[in-house]
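Starting off with a structure, shown below.
Going in written order, the chains are labelled A, B, C and D, and every chain counts its residues from 1.
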Amino acid sequence: MVQISKVPVICRRAFYADLAAAGEAAGMGSASAATLAELAAAAAEPPQLDPDYADLDPALVVDLVAANHILAHNGVLDSFGHVSVRDPRDPHRYLQMQAIAPRDVSVRDLITFDLDSNAINARGRPVYRERFIHGEIYKVRADVNAVVHSHSPGVIPFGVTEQPLRAIFHNGHFLGQGAPVWEIRKTAGEKNGMLVNTGELGKSLAQTLGNGSVVLMRGHGDAVAGPDLKTTVFRAIYTEVNARLQMQAVMLGGPINFLNQYEQQKSQNVDRPWDTWRKQVGVG
Amino acid sequence: MVQISKVPVICRRAFYADLAAAGEAAGMGSASAATLAELAAAAAEPPQLDPDYADLDPALVVDLVAANHILAHNGVLDSFGHVSVRDPRDPHRYLQMQAIAPRDVSVRDLITFDLDSNAINARGRPVYRERFIHGEIYKVRADVNAVVHSHSPGVIPFGVTEQPLRAIFHNGHFLGQGAPVWEIRKTAGEKNGMLVNTGELGKSLAQTLGNGSVVLMRGHGDAVAGPDLKTTVFRAIYTEVNARLQMQAVMLGGPINFLNQYEQQKSQNVDRPWDTWRKQVGVG
Amino acid sequence: MVQISKVPVICRRAFYADLAAAGEAAGMGSASAATLAELAAAAAEPPQLDPDYADLDPALVVDLVAANHILAHNGVLDSFGHVSVRDPRDPHRYLQMQAIAPRDVSVRDLITFDLDSNAINARGRPVYRERFIHGEIYKVRADVNAVVHSHSPGVIPFGVTEQPLRAIFHNGHFLGQGAPVWEIRKTAGEKNGMLVNTGELGKSLAQTLGNGSVVLMRGHGDAVAGPDLKTTVFRAIYTEVNARLQMQAVMLGGPINFLNQYEQQKSQNVDRPWDTWRKQVGVG
Amino acid sequence: MVQISKVPVICRRAFYADLAAAGEAAGMGSASAATLAELAAAAAEPPQLDPDYADLDPALVVDLVAANHILAHNGVLDSFGHVSVRDPRDPHRYLQMQAIAPRDVSVRDLITFDLDSNAINARGRPVYRERFIHGEIYKVRADVNAVVHSHSPGVIPFGVTEQPLRAIFHNGHFLGQGAPVWEIRKTAGEKNGMLVNTGELGKSLAQTLGNGSVVLMRGHGDAVAGPDLKTTVFRAIYTEVNARLQMQAVMLGGPINFLNQYEQQKSQNVDRPWDTWRKQVGVG
């Protein structure tokens, strides 16, 4: 059963609607059905967004909430990490939640940032210290509309050793011939704070990302970029899966037969996993 | 507790029947019991199949739904992969769900295919692009009545290295002296799309499978075949288990004492695991 | 929440009693409390055992059910494997469930066997084919009152390689200087069926166990023995934990500093884990 | 959903309050809402602590309960291990639960100890045999106000091999250049009991810890110290995470690029993970 106490209000609505449908389908009697019908009616109302977002499609906000929950559910994000999406109303801005754990975010946590990562409407709410990862990538990558920063546990070991993370199976095709590793010491020196908490550091990271989809951050995690939220979540999850597979292949003794350059250009269906991941976290 | 929102209607019936039985067994009072009794009555009704399947045993359809859920629950299938069963009404046809994630399928998703993998009654529903894996195996293997295609995570590393996947314990006996690896480049060349999305590619894969139970697909996953649905699900799950065990044995430094040719011919009880797996996903 | 649909009736009673206590403790109102009170009253009744067991302490049967569920919950048993306890009414007999998956057993599944592993009161119910593991160990080990046979996944790799499974941390102390490996080929030859399905094979396995606590079965699993049910369940679980730790230590490159002979004689508190494991599976 | 039967009473209150809020937010009808309102009212009452703790902030006790549950939920503690906090009313005393499994503790289990680890108010309740780990660390480390002892499974292999456990990513920064390993044989000789069950052994362990945050115990586990409960729980969890990452990096073949001495001095936000961990176990 969906974990009610962890699901934000907007998602609870979907849950109650589903529960009511289940009751009806099973031929549930009138007394119980009435209670479920009440819930379903409430669930049919649109989510109440902040007035700042009156001109924004609520579905995008629900998707952003879902993206946070999906990445936490799949072990890519733990208490840390963050997701953003470029603001469809203004390409010089992006949307991100206030600084709380991804699995706990709801629609009420939405904040708008300019591409220098200044918050437009934080109103006292805390913001992620490493939001510059997002803003600086959006600045130089017009093709990118969503970014994930994580401490993806299978990926971190590839950032501190000399084994490049490469596409080992078709669902990791976007990794190509090897994701680059960003070394903070090259920009901030030996006496650095390990965090991408300035525009300068974010800019350096975005340069290392280049035209790619994924950049590893030595001793820290990675950043994943994509053309839309669904694709970016897909890439973040399958970067982790690919890393685990590659580690096992190394353990088997190699040599490893990676995807070739043509196989890496495979087109990808992201709707099917997105739909089922949304259901898993109680949305949709 | 069974996850109501994820279970298809037919399975919810089983769930409610079980819940009602539990209430009765615990001596639950009349008010609550009445609600459960309503649910149990609904649960006693047979599932409503599509008229196309009026002459098909509903139990087979429930088994096919269960097979999808079981393989997802056991980590063999994620958002991708598919299961099929040969149509008992016509050996030149097979049954498979429409193209949605395995954990979300229900009896309403059933579609019939001929052995060239043309859909007979899709009526606009999407079909799996790699359904040719199934059709082409059924064509050349009269002894096969069920097929699973998966991205089984412990198995993929064996398809990209030189360590053959072999029977390392009795429940992996069907792997024999080593599952063959199918290389798509041999049929489709270096510029291939990594997917078995034509009859020609399916035919090539079926040839590599030969008389075996399992064929690995390089950089992709595997296909598993068997005489019936239960046995094939058993093989798909224990192929994954065997792979994990073999990887650990490699890590321990070997040499590995595999099953010999006689031990690989062991007969297998698949009813016991099937029964408990069905209960785990809320069916039976 | 305890998974109601998977818990046998006797365990559901404990669950309802706990739920009622929770409601009372939280100051729940009278209407809801009345329903819970009904459940609690039902829960207070003793379990209804088969008349064959009228002179047996029901607590032992509940413990045996719990042992099955605990070992399944902790990943030591999957759909296969079994647990037995020597009959306290007659040391020449032992008690074991009918042949169903361990996670599904309930008090109604109890069967009595003599030490040649003939069922005394099966009444048509299926029995485990490898019950001889149990009977033959009880014959030669008067100090043993409970036995577990499993396909413990971390342990199997040690049975097919040359790395002895040894006590690597204090909770694995009972493994001593290395658990012996039983090779079925030595008794049944190259053309064997991999199963301990005769008294002769069980006798051979018991000889390899000797005075120890654990014997590995090559390409199959292990058997664990102990003075009582709690201790034997503890050993079965910590054999698996020890195996995983030792595998990781091998991966770190060794050399491994194992427990010495004195440290292996540590006394063990098994009540604390037993109590919490019972709660985890909904008993006690 | 929070697992009601496993949550101590004080935590159930938080659960019910949350559930009532969820119902209200979803526009739930009056009949159902009334039941939830009753629960919420009960939840609003402060927890009933033992009179010994009338002058203690109840929030600290709830935090200590939560710490136990969080560490069990994250796999750092199993049935064994324990957490303590220095008594804010008297720095020569510390608080710890009676000797039951961490996942089962509640506010009623609190006991006070002096720094020689004598129980002040046990009143017949069992105490942890290895409580000396806590008392002896508090004696020599005025900066330490919370201690965790665990059998953290990823960490144990580092205590029995020659690979030092070092800071491999920013969240493991407190591990510095390598956690020391304490060898009980140096203090207790070859014929030792593997447990820190005397003040002398605790003193020896505290000496090996020195000014650090973590000390490994060969063939046993580790002890983690910190300035407050939140930070210490953070360190215990990320010691385990760091160990798993380092093991994977070793498997990739190294050489490993560890944090340098400046990066190891990173400041740490522990509020965000603490908040979400509390929610995960049903508190807060």
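We adopt the following convention: a residue touches a chain if its C-beta (ideal position, glycine included) is under 8 Å from a C-beta of that chain, and two chains touch if they have at least 3 such contacts.
What you see is a predicted model; the values in this text were computed from it and never measured.
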TODO: Answer with same or different: of all residue numbers used at the interface between chain A and chain D, are over half used by both copies?
DONE: different
Task: Most remote chain, CA-based centroid, reference being chain A - done: C
- [ ] Determine how many degrees of rotation, between 0 and 180 and to the nearest 5, align the Cα atoms of chain B with the equivalent atoms in chain C.
- [x] 90
Task: Distance from the mean Cα position of chain B to that of chain A, given in whole angstrom - done: 30
Open item on the list: Could you pull out the residues of chain C that touch at least 2 other chains?
Closed with: 1, 251
- [ ] Report the complete set of touching chain pairs.
- [x] A-B, A-D, B-C, C-D
Open item on the list: Which stretch or stretches of chain C touch chain B in the complex?
Closed with: 1, 3-6, 9, 12-13, 16, 34-35, 38-39, 41-43, 45, 78-80, 99-101, 103-104, 151, 153-154, 156-158, 160-163, 185, 190-195, 218-221, 247, 250-251
TODO: Write out the stretch or stretches of chain B touching chain C in their complex.
DONE: 1-2, 15, 18-19, 22, 25-29, 31-32, 168-171, 173, 241, 244-245, 248-249, 251-260, 262-263, 266, 272-273, 275-277, 279-280, 282
